[in-house]
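So, here come the structures, one by one.
Each of the next two complexes has chain A plus one more chain, namely chain B in the first and chain C in the second.
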Partner chain A sequence: MLMFTAFSFGQKYMTKNGKISFFSNAPMEKIEANNNQVNCALDIKTGDFVFKVLMKSFEFEKALMQEHFNENYAESDKFPNASFKGKIVNITAIDLTKPGKYQVTVEGDLTIHGVTKKVTEKGTFEVANGKIRGVSTFKVKLADYGIKIPKTVVNNIAEEVEIKVDVLMDPLKK
Partner chain B sequence: MNLKKITLLFCLLTSLSLSAQDDLMNMLDDGSQTTNYTYATFKTTRVVIGQSIENPASGNLNFVISHHFGHLNEGAYELFGLDKSTIRLGLEYGINDRFAIGLGRSTYQKTVDGSLKYKILRQSTGKRNMPISLSYYGSITINTLKWADPERKNYFSSRLSYIHQLLIARKINDRISVQLTPSIVHKNLVPKIQDPNTIYVMGAGGRVKLTNRMSLNVEYHHILSSQTSKDFDNSLSIGFDIETGGHVFQLFFTNSQPLFERGFLTETLGTWRKADIYFGFNIFRSFVIKKPKSFR
Partner chain C sequence: MKKWLKVLLVLAVIGIITALYIYFFVYNKPHRDIEKAKPDFTMQAEVLYKEFTSQKDSANAKYLDKVLEINGNLKSVEKTDTLSIIVFSFNEGMFGDEGIRCTLLPKYREMASDLKPNDMVTIKGLCQGYNDTDVIMEKCSITNP
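Coming up: the complex of A and B.
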């Protein structure tokens, strides 16, 4: 175990200001929110890939919307973080120490609003200047995570929101 | 024996691969603890009719319509007060996360009020732990009624009164919030010689969320010692906050007719005992004047 830990130095990349945005495209209203304080870490040896997202850090154009998001939908007091714990499935097929663009498939447990679901999503990793930039766009069904949309606002909030992830990770120095 | 060894090895291996992800996760946690500020202690900038700890959000302009009907005990002839009304129209703007300004005009005594509100302390957990939120609220009201006696020498300063409040609030959990509101009201001109110019009032209020979109709010202000010549009552208001997409409605019953601090803190005439109370509502509409950083 000690050896394993020692061996894995220099294999880890991380950031504390990654970006996640989400878009809700409903007939009556388009809603966008940005979070620029996303924490994520990657172990390029094992392919382990984890995210931690503080829900309160999502910024909306309208302050009232942000409050409603935290209070009524994400319930950020009860569930302060969303997280992802998973793996790059095809890590053995690619070499993230070499500059270039790689297609990756990520698989793992996504936890939002206290509900954990197994997910598999595709994305790209771009290696340049010793950094790794991970980008992915995928969709999340709110109902899957126990987030209820009241009937009065079904035209304002989409059932399925698009999530854009853009994280630029630095190698972890020790 | 062999089987045991294999099982042990298997367990070790799985725990190893699990803990590798957990290690990564823990790495995200340590060192960079952030301050987690409490939000939405109250739904609006009012508990019921008095100020709450909330400010209009930075860069947001709130248009506030406060409306009272007449006395509830006026009976069916006045449709239980609905035939009459008292209104205050107000604007409030959040200059930044801590500082807000406000302006209002009430039909009651044709009063104009201007206010400042500053968040001194913000309840938070994490890196900085703060059990309460504390704000200062100050307001000047100008009575613009025609002089009662235009013959004598009247001074503009006689129209003015000043209000200083400390708002001390705590969001106890996601449903319950409480607030203490000590106030000082200073009137430049009072009706009688035995009336003090400065009156001290202690207020308390709170809310219980009944659902995510509705809460029950109560607010009470106690005039400390008998400081007024006329038989003014202490102000008690009970209301519901109802939130719909872009608006917040507050529906309430109160024994205070005026909707600005000097009036309801020190000049409340109605009493709950005789159902001498008013039904009223506040409507809040928020406009984004300055967009947040990531939307500019």
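Coming up: the complex of A and C.
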């Protein structure tokens, strides 16, 4: 147990102010929302990688969009939390204790709107000044997560939204 | 003036007013002003945290999107490039402090610099939920008496 504790020291990184943005590019309307309250933790030894997101924390330029997002699409009262739980697939091939830029593939369960799906996405880790910055851009198909877009607004909301993740993680101090 | 022309003009004016109304007050209606809003609940920070940790679902139903005024002894003030966050801590988890994180409105950034750990503060803000480590409050103001 003691050995395990010593072993795990300095291998976990985290932030509680990660950023996730999403963009919907529909013919009639471009919608963007930002969330700066994302919990994210990474274990650089095992490659475990976890995100916790509150749907209500997404901020839109227009109050009406935010209202529609929470009430009609994300149903944030019913499903206030979104999460990702997964692993860095190529963790053994990279050394995140050394400064540099690394391409990673992340695989795991993404839960949005109460629906969990297996996803595999690519991203970059940059190790500098004792911190790790994780960046990724990927697409999510709303229908996959049971989010229905009524026909009347198909020109205003994209079926597939682009998600941008940017997390700057500090080493966990115990 | 011919009668039909009058009717047409009146209809046009009504149409324009309706369009302007929808544009300004529906499509572009402003975000809620949390700073000026009356709190829906006033309570101790620790009580709020305990409600979320013990019964997440009922706490969500009760507090999501509500304006809360909470008071307690702060643990720390965290600052990033753009955000200032008042942290209340009621538990030590795997990832350090667990409690309530209150992101201040930008205008309170300076006021937050004067705060020290363990100071008693009263914070008003919008409750956005519990992410399994912390209760998140947004658009917060410091409302110390």
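Following the convention adopted for this analysis, the second predicted complex is superposed on the first by the 168 of 174 C-alpha atoms of A that agree within 3 Å, B and C clash if a C-alpha of one lies under 4 Å from a C-alpha of the other, contacts with A are read in each partner's own complex, and residues count from 1 in each chain.
Here is the rule we use: a contact is a pair of C-beta atoms (placed from the backbone, for glycine too) under 8 Å apart; a residue touches a chain by one contact, two chains touch by 3 or more.
Fair warning: this is a prediction, and the values are worked out from it, not measured in the lab.
Per the definitions stated earlier, placing chain B and chain C onto a shared chain A by superposition produces a clash between them.
Comparing chain B with chain C, more residues of chain A are touched by B.
Look at A:N17: by the touch rule set out above, it reaches chain C but stays clear of chain B.
Look at A:K52: by the touch rule set out above, it reaches both chain B and chain C. Once the two complexes are overlaid on the shared chain, A:K101 sits clear of chain B and of chain C alike.
Of the two partner chains placed by superposition, chain B and chain C are both touched by A:P80. Once the two complexes are laid over each other on the shared chain, residue contacts for A:K117 go to neither chain B nor chain C.
In the superposition on chain A, A:K139 makes contact with neither chain B nor chain C. In the superposition on chain A, contact is made by A:H68 with chain B only, not with chain C. In the superposed model, A:K30 lies in contact with neither chain B nor chain C. When both structures are laid over each other on chain A, chain C collides with chain B only at 95-103; the other stretches in 41-49, 95-103, 185-193 or 257-265 stay clear. Looking at chain A, you'll find residues 12, 14, 16, 36, 39, 41, 52, 54, 56, 62-64, 66, 70, 77, 80, 172 touch chain B in one structure and chain C in the other. By the touch criterion stated above, chain C contacts chain A in their complex at residues 26-32, 60-61, 64-65, 78, 80, 82-83, 85, 95-96, 101, 103, 128-134, 136, 138.
Residues of chain A that touch chain C in their complex: 12, 14, 16-17, 36-37, 39, 41, 52-57, 62-64, 66, 70, 76-77, 80-81, 172-173. Partner chain B is touched in their complex by these residues of chain A: 1, 4-5, 12, 14, 16, 32, 34, 36, 39-43, 46, 48-50, 52, 54, 56, 59-64, 66-68, 70-72, 75, 77-78, 80, 83, 85-87, 150, 152-153, 156, 172.
Chain B makes touch with chain A in their complex at residues 16-17, 20-21, 23-25, 27-29, 32, 34, 36, 39-40, 57-60, 173-174, 212-213, 243-246, 286, 288, 291-295.
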